[in-house]
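My structure is below; once you've seen it, I'll send some questions.
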């Protein structure tokens, strides 16, 4: 097996990939962007790619949501949660926070540590880096362009960087969700605690369209765990929705909801059913059970045999 | 072919039956009640029965709704509309409205002519008859128990009764709807302007149950043309719904609605799809077309083949 | 105080009236029909009328529902539940069931005892009476027109009639609900376990109209306890709904639902809020509490003060 | 009047601000971030701030959505649409696309021109700039850190930069929406074609919560023109919604929807009603008209006066 991931090495995305069984001994190829990582999957140069999808600090949500919503079809086969914590690494010669004049990191990481920075290194000027790892690696240059970098504990440890502070994130307990993406193929078997992901273009710009969409879920007792709107890029006010819901396409209630959604939004994309990284087996009303769907189908079939 | 109908002969129900092709030359058996007529169908002593179902004057709605909702399964194969108009027939010796001291008719007919009666024969005492025809036939007895009867033009004409007034109904333009009922069997082929009938026990006594039921129709663009509640006889506040809707079980959107309804109310009864006596071909949104349902089903099937 | 009630004396309706505090010593006037009883209220010849509204055996649901839905406005100020049980009273000279050749009672009572009659007096011919009490009183005539009558225990006891069987109703435990009706006036104060009644003409013959109506209740957490459709008399397929729901017009959530209903169906009739004869205090979500409505109103008011 | 805007000078945000009557002659203060611009309003150092809110290239949607959703209350008083088109400016000495080795611009602008860049300057390495204007101004330095910058036509013109290509954006016809923000105060008077903006925290993590929210709009015929989800920052799966809808708080249907929303989501924020930059007067059903609301309120009031 070979994997791409949003690089460079030492980011939280690589931490996520290392949680996949067998990935530690497999080929792991850092990609310069989510798009590049997914292109490698699409072209077949790797079997799978690990990319962040929710609350990411390394390029994040929007890039991934958009990249899997468009272009050649892809499939999500697993999700991984990684707790996010940052360290403050410094170049040689810096021994105290007061000495830091210039600091660099990825813009998303900077957003997550800004309050800490304002309180502890108010004198430091910020310059954006293309990733947290890139900002950290620059500290090793002969003439480092900045004095400090905010980065993952992993990269600081791997490169032996000097760390002046740990846990500098403003919201402790933050977690990023990553997904493992392949070309469309075999869907992972249901485990009772599964999740599925859809891309749903809003059928028309009319009131109630979103409600009709949501009704397809609620009418079958299917719970949404995430719903996000994204512009389609076709003009102001044109959106698609990226939706996670509890359950597996093997569940009858999910199949029925998908069928209803296809009628309302025929361009929808099914991105996969896969084990949920957390959560409990969803409660299913008797009238939304597989048996209820199967009995209803048999009953209607028996009526139509009288035609 | 042999037919039962709600008798006696000469009622509006027989008029309805005579509209069925071939019925004029078939065996026509008057029944003393809707229940008796339907029992004859259930037992197989006749092939079909004509009974009133909506706004009837001869025993009417409730009796029929309840009789087809319970007991052995039946099927509606046709509906017939008959305009309702009454005449005032009198016994020999009565020449003016002032002479009428006692009047008889079925209670439902009386209800429909009461304003006319109060204005024109306020002195007349009312006694109920078991049918409009029965009240009329009693005028022929040696000692008629009443002076006048309100009845159908048909029975007055057939028996040569003396008629003092015509069109004595308070609401002109009234129409009664009759249904032709058989044992369950072949469902009439779709004609594009069809109607279907369901008996829907409310699943539970909880707020929103009726809305969930209705949502099954609206989510597929299926229009209701009649909805009536009836007590189940199991206690105050326990109801079933009798529902007519546009469309045929051969339509995909109807099949989908029926399937959803079966899950919510598994004891529902499908009473048939049959040509509508009036109306136009229903407008169907693209996303509720047979094609949309078929494509959605194929799409979900293709996903599940990847399991 | 003076009261009208659906007569004659000795029916279940009088039993209901006798449960009203003070009615036993007040003037009680039997009326020949629900319409007559309500007319006496409308004209002011009595202060109030007791009539059956649900599952009645003495003239019943439809007559009352229609009579209070049309004509001059009326108000429901109380409801009374009466258990329904019938006795078989006979004329002098009848000593056994086998001797009964002719039996009479009100058609609704007959419907409720038919199985018992078919099993126990199959030889008896039925003739309809205008009320259960009328059928019973005829047994006292010099030449009774029938041998037996099905009637209330009250009338049999008051008249000293001979009773051959008790509890002859097919469904034991049946209950009829009666309402006490006045001209519109002061609404009874809330008791925490209240009920309200509405007449709701369906605004248009269009799909979804009923759902929009129901949504006005569910959106405020107002539970329906009864919903019945009735033809308006204006043509097939034209209905109004008679609805009971939990709560009092003094409750904010009820006032909000009424306001929404008025927009959708401006011809609706509010028939009153009154103590429920049974039931528990309804559960009200925090967001449907009086406080939530009051805070929401204040908030919107504060916004509009900035206009 | 004094205005802040998302700087530096020469960005599209300044173009938007210049469309506000009087702004060309007023004090205009560039701010280094959306947060800084809004802080200047909150602190009172300027009267208003112009910031991008939808499809922006200069710091964009998320930053603004989050900044006005949290912290001290603010108000939107106007919206401005600006067509977005980019030019490719180069440092002295660069005469052809082939010579460009390093290019810089804001990450959002880069995202919008990436396809052009891949096709026309595939050899160029990208380095992020803190704004499109900053990347352009660096071309004037003695030793420019890059050879080219993607920026607005305005800044290229103002600084007299050499332009090698125009219209380098991938999606032509792109537009960015900007809002003018003040401290809460007088709400602009209705103009018949108005828009309002809300921040709606989802009340609970339960299925149907979003549907209940949307129902508050649809039940009053209020059309949504934009709905976007944003993480609250409190954990995965915790969202608030940013919503634009047609209509003005002065409209009764809008006031009613706001009142219902306040009950479901008491922490909601009303960000203002203001003239829409485009669009037509919304169609309002009779039952959602100001008159219908007013009549309904009067009717309920008349009922409650009988308490």
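Residue numbering begins at 1 within each chain, and the chains themselves are lettered A, B, C and D in the order written.
Just so we're on the same page, contacts are C-beta pairs under 8 Å (C-beta built on N, C-alpha and C of every residue); 3 or more make two chains touch, one makes a residue touch a chain.
Remember, it's a predicted structure, so these values are computed and weren't measured experimentally.
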_Chain hops separating subunit C from subunit A, counting only touching neighbours_ = 2
*With contacts defined as at the top, give the pair, A-D or A-B, that has more of them.*
A-B
*Please compute the C-alpha centroid of subunit A, do the same for subunit B, then give the distance between them in whole Å.*
59
_Whole-Å gap separating subunit A and subunit D, where each centre is the average of the chain's CA atoms_ = 25
*Scan subunit B for residues touching two or more other chains and write them down.*
215
*Footprint of subunit D on subunit C - complex, ascending*: 184-187, 189, 203, 212, 215-216, 219, 249-250, 255, 258-260, 262-264, 266, 270, 287-288, 292-293, 295-297, 299-300, 303-304, 306-307
*Would you mind writing out the residues of subunit D in touch with subunit A in their complex?*
54-55, 62, 81, 107, 127-128, 130, 171, 173, 175, 177, 206-208, 210-211, 214-215, 217-218, 221-229, 231, 233-237, 239
